[in-house]
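There are structures below to look over.
In what comes next, subunit A is part of two complexes: it sits with subunit B in the first one and with subunit C in the second one.
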Partner chain A sequence: MRSKFDEQLALLHKELMTMGALCESAIALAAAAMEGGDTTKTQKVFDYSAQIAHKERDIEGMCMRLLLQQQPVAKDLRVISSALKMVTDMQRIGNNSGDIAEIVNMGHIKAAHDKLHIQDMAQATIKMVTESIDAFVKNDAALAKAVIAYDDVVDDHFDRIKTALIDLLRAHDADGEYVLDLLMIAKYLERMGDHAVNIAEWVIFSITGRK
Partner chain B sequence: MITVNDLCLWYGSAQALHHINMAIPEKSITALIGPSGCGKSTFLKTLNRMNDLIPGVKISGEVLYNGENIFAPGVDVNMLRKEIGMAFQKPNPFPMSIYDNIAYGPRTHGITSRIQLDDIVERSLRGAAIWDEVKDRLKKNAHGLSGGQQQRLCIARALAVEPDVILMDEPTSALDPISTSKIEELAISLKEKYTIIIVTHNMQQAVRISDKTAFFLLGEMIEYDDTEKIFAMPRDKRTEDYITGRFG
Partner chain C sequence: MTKRIFRSICLAALGVAAAAVVLFLLVLYDYFGGVQQQQLQMQTELAAQAVTNEGITYFDGLNSEQYRITWVAADGKVIYDNRSDSAAMENHLEREEIRAALLTGEGKSSRYSDTLMERALYAAKRLPDGSVIRLSVSQHTLLTLFLGMLQPICFIIIIAGVLSLVLASRLAKKIVEPLNALDLEQPLSNEGYDELSPLLHRIDSQQRQIKRQSEELAQKQKEFETVTENMTEGIILLNTKGEVIGINRAALRLFGADTAALGQHMLAINRSPQITELLAAAAAGRHAEKMLDIAGGRYQLILSPVNSGNVPSGAVLLVIDATEKEKAEQMRREFTANVSHELKTPLHTIAGSAELLANNMVKEADKMAFYQRIQAETQRMIRLVEDIIRLSHLDEGADDIKREPVDLLALAAETVKTLQPAAAKAQVSLTLAGEAAVIEGIPPLLQSIVYNLCDNAIKYNRAGGSVAVSVTRANGTVRLSVADTGIGIPAEYQERIFERFYRVDQSRSKELGGTGLGLAIVKHAARLHGAEIELKSAANAGATVTVIFPV
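Right, the complex of A and B next:
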């Protein structure tokens, strides 16, 4: 009786998965580009970021059409309204990946940053983004809750990196551009963790009706 | 104001309502939804004993209206229907003038004064948001009105005997969208003074106008809650399946 609507919902789900996969690729590649200032990688991050922005507009259009045509209620309404909110956070993740790539392109990030464990922070953030999207795909509220809890890990990384950078400045052991660029990267990663938390919260809302 | 306790109803040997329990708050709109044959219209008609007219009907349980069981011996059914009025799916104006349609009820209740009747007619037609459209042709036959106007006339006719409760059985299912939205606006304005219980097949209508919604299925009341809750986060899977169009 509602096969057309079910088809449209399945397509929406598929599109969100595609957009989520693009976010995972963008952030992973941005983290990899930090390693050696690799500009072929950063260019690819920009491409992903553009694709993500495009997907956001496509999915928004789908959601608006579904709201108009199907006048959804209950779980259908929750899924579609959650999708509308989630794509904004995914698009920001794409943007933040692009921001990191831009910083890498400036060439101030050197191998010395390893001892600050920025890669550990990047991996923790990738884990949050990946699992928030997994929680959506698998309709898994418990996994979404775990993502929200894991934000503390990313926040702790940020605090440690900030402290380490301040120590470097105090010791006059680093140039200012390097320190500020690294702090910006850490901040972008921390923001991406927050966006993953938002996605996880919308997953929980779509399942339980509560945020 | 209306409390239904363990209400069961049979048409002959077929049970049409199974142990219905609900408390309907006053000065609000309660929507009854469910697939055809689920018992929602039967339930609505039970509230002012319209089912008494059908042979072979048997009822158990009670409906308390202002604390009194409407099925108790000695209840004056005419008085009950004055308190609990009704508008039907198909507008059914009497084949007489607009004025006489409205004055009919008050006259049967003994009001003969022309001044009083004029006042009731104007007040009722204003109350049903149709006064401006008919004030210059009160003596014309009501059958000359459009379907939407006829439905508002019938609601005005129900208002003329000063009821507390108005039952509406799919009042807009035969109307175009403009007339439908007029009836919906009317229902919302009427709830300031009256308690309204409406059967509707139009889910969006229930969402738009009602405060509470009850979902009926196979003679049972499956779920009854605030309308927003029913349509955002129903508790019962059967409710979810019905309102999302998975069956019905």
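Right, the complex of A and C next:
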């Protein structure tokens, strides 16, 4: 009985890793698409986003079955319930990547003149997402805490980009669509950072039992 | 087993006890029956004697509780009976014992009473007067005997039961004890039952076989580990679920994992899309190859599924460092592209000029300039092809080229002399200083080193500048140094100028007629001599190239 349960837990872990890897690919590709305005890349991001949504449903079903059939307690219960919450955040990351790809598809982003360091922000967000999933894979509470602390960096990026955009508007130096699209992208990136923080928090919860 | 032996002994003992009691009863009954019969006969004799002597009066004084005495007349009529009224009794002529007595003088029989609880024994004797005297005694049946003896029998059975319980338990323990005490580690050292020895021998031989096989297995495992651990390529063994069941040191280092990776899912080690795709291929039992960038290096991942029989049992993932290979590949591609480009440019000029001349579209006065241009371009092409040939020779390795002692100073002097006109034309002073230094080398290659270095120093100089060539000996090395006062090489380009066709300033170099291969030739030639190249330069501050030859 227990060995079956262990097997199912291992499968859950593997599925979560796969989903995390998909999230990393999606966000990295969205950032790359932003750079070149590349529509083949944005199409791939949509694919990833759909796959992530699919995985979310799969994993949710898996968690529910485990909860009902095995009635886990203590650490097992924490692992499963935090998995249930983590997939939601991962799915949002996939969603946000898709949103960025959609904005890139509209073609207002002239990334070649990235004076606003939106790529820097994207890289910082990718780092957060990657490390939050690393923390989950390695069961590393210290790394998870580092991810939570790193959110300030992404937030700072967002504030800087926002003020820079305001300056651009004041100087009548940019067209409105470009400014708004960039602001949206920055906001999506900032949201993804928050989701990474959530994932890290759930990792800590599943290890220590405290939030 | 103990229980079973105990039960068997117990049951057997009880069974034997019960059977013995029953048999004993039967024998006893039979014996007592015989004794009673004998007594009855004796009494009958006595009674017959008495009746013969005394007649009916004998019965008057008779007080017999034990025996029933009947006197029967010869016609079967009962004359006397001490238990019942003789007158009311039926004719006894048909009774078995009476009839026998009338016939033979004596008779006996036995009959069960109606209740079966008693049996009557009869003995009859004919008297001299022809009448018959009969005595009868009641005998207990076997059943009564048994019922009467029930108490002692039960007592005996209980005692036998208790005894057999105690004995059986002791015996069972005793029988099983050697079995429990068997030392299975050394099966042959056991004493006890001979019946067990085939089994023990078998166990012994199997134990030895297992030991030998596990030793072989450990040996193989060790060999495998030694081989894989010392490989520079990474090897990862995966089971069908994609979990890591073996990983060597190189792979651990590559993926930045520790030994805790063993038993984990492959995705826990690396989650890149390439790995996901490879795992999918492994699950489908397909062979697959991917390129993966890890920590600045480029790695080739080769996945081969492992099948035992027709059942997939996992996969082997081989990780090969392809960084160098990729770089070499890229350099070769660039080189080919560059060569074609470099050859095409002069050809265009030649073809263009030739076409104009052929179509008679050139004024007579300009024709000379066109001829000269064609000549210059063909010269350049020849130089280029020569350089390429020389380089490819160097690439092949010049181990078979004969080495001989060469005086570097003399060789440099010769080269400097041939370059003096070019230096004068560029308004650059070319000087040579130093001491004679003999090294083992290949003269043509050494010459091309000096030539190319000086040529560059003159070309990339400024009017009124100088080129100082020096040959010195220091610490067991010979240093050939070419210092110029030219435009210098900015730090960011210094890494690349020894690459083929690399030029800091494309347009200027073309103008100067360089092939872009000079420093590449220097680098290769120096390497063949085991020499090192030192470059000291900064933008607009001249350059000093020193080739350090070992002696």
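Here is the rule we go by: the second predicted complex is superposed on the first by the 208 of 211 C-alpha atoms of A that agree within 3 Å, B and C clash if a C-alpha of one lies under 4 Å from a C-alpha of the other, contacts with A are read in each partner's own complex, and residues count from 1 in each chain.
Methods note: contacts are C-beta pairs under 8 Å (C-beta built on N, C-alpha and C of every residue); 3 or more make two chains touch, one makes a residue touch a chain.
It should be emphasised that the depicted structure is a prediction, and the values quoted were computed from it without experimental measurement.
Visitor: Quick check on the superposition: with subunit A as the shared anchor, is it clash or fit for subunit B versus subunit C?
Guide: On the superposed model, which is not a single observed complex, subunit B and subunit C fit side by side.
Visitor: Which partner chains sit in contact with A:171 here, subunit B, subunit C, both or neither? Use first/second/both/neither.
Guide: neither
Visitor: Once chain A of both complexes is superposed, is A:75 in touch with subunit B (first), subunit C (second), both, or neither?
Guide: first
Visitor: Of the partners subunit B and subunit C, which touch A:17 in the superposed model: first, second, both, neither?
Guide: A:17 sits against subunit C, while subunit B stays out of touch.
Visitor: Output check: A:133 vs subunit B and subunit C. Expected answer is one of first, second, both, neither. What do you get?
Guide: After superposition on chain A, A:133 lies in contact with subunit C alone.
Visitor: Could you say whether A:5 touches subunit B, subunit C, both of them, or neither, answering first, second, both or neither?
Guide: First partner only.
Visitor: To be precise, I mean the smallest distance between any C-alpha of subunit B and any C-alpha of subunit C in the superposed model; what is it in Å?
Guide: In the combined three-chain model, subunit B comes within 19 Å of subunit C at the C-alpha level.
Visitor: In the complex formed with subunit C, which residues of subunit A make contact?
Guide: Touch list, subunit A to subunit C: 10, 13-14, 17-18, 20-21, 24-25, 133, 137-138.
Visitor: Mind pulling up the subunit A residues that touch subunit B in the complex?
Guide: Subunit A reaches subunit B through residues 1-2, 5, 71-78, 209.
Visitor: If you look only at subunit C, which of its residues touch subunit A in the complex?
Guide: Contacts found on subunit C: 241-243, 265, 267-268, 271-273, 275-276.
Visitor: In their shared complex, at which residues does subunit B touch subunit A?
Guide: Answer in residue numbers: 203-204, 207, 231-234, 239-240, 243-247.
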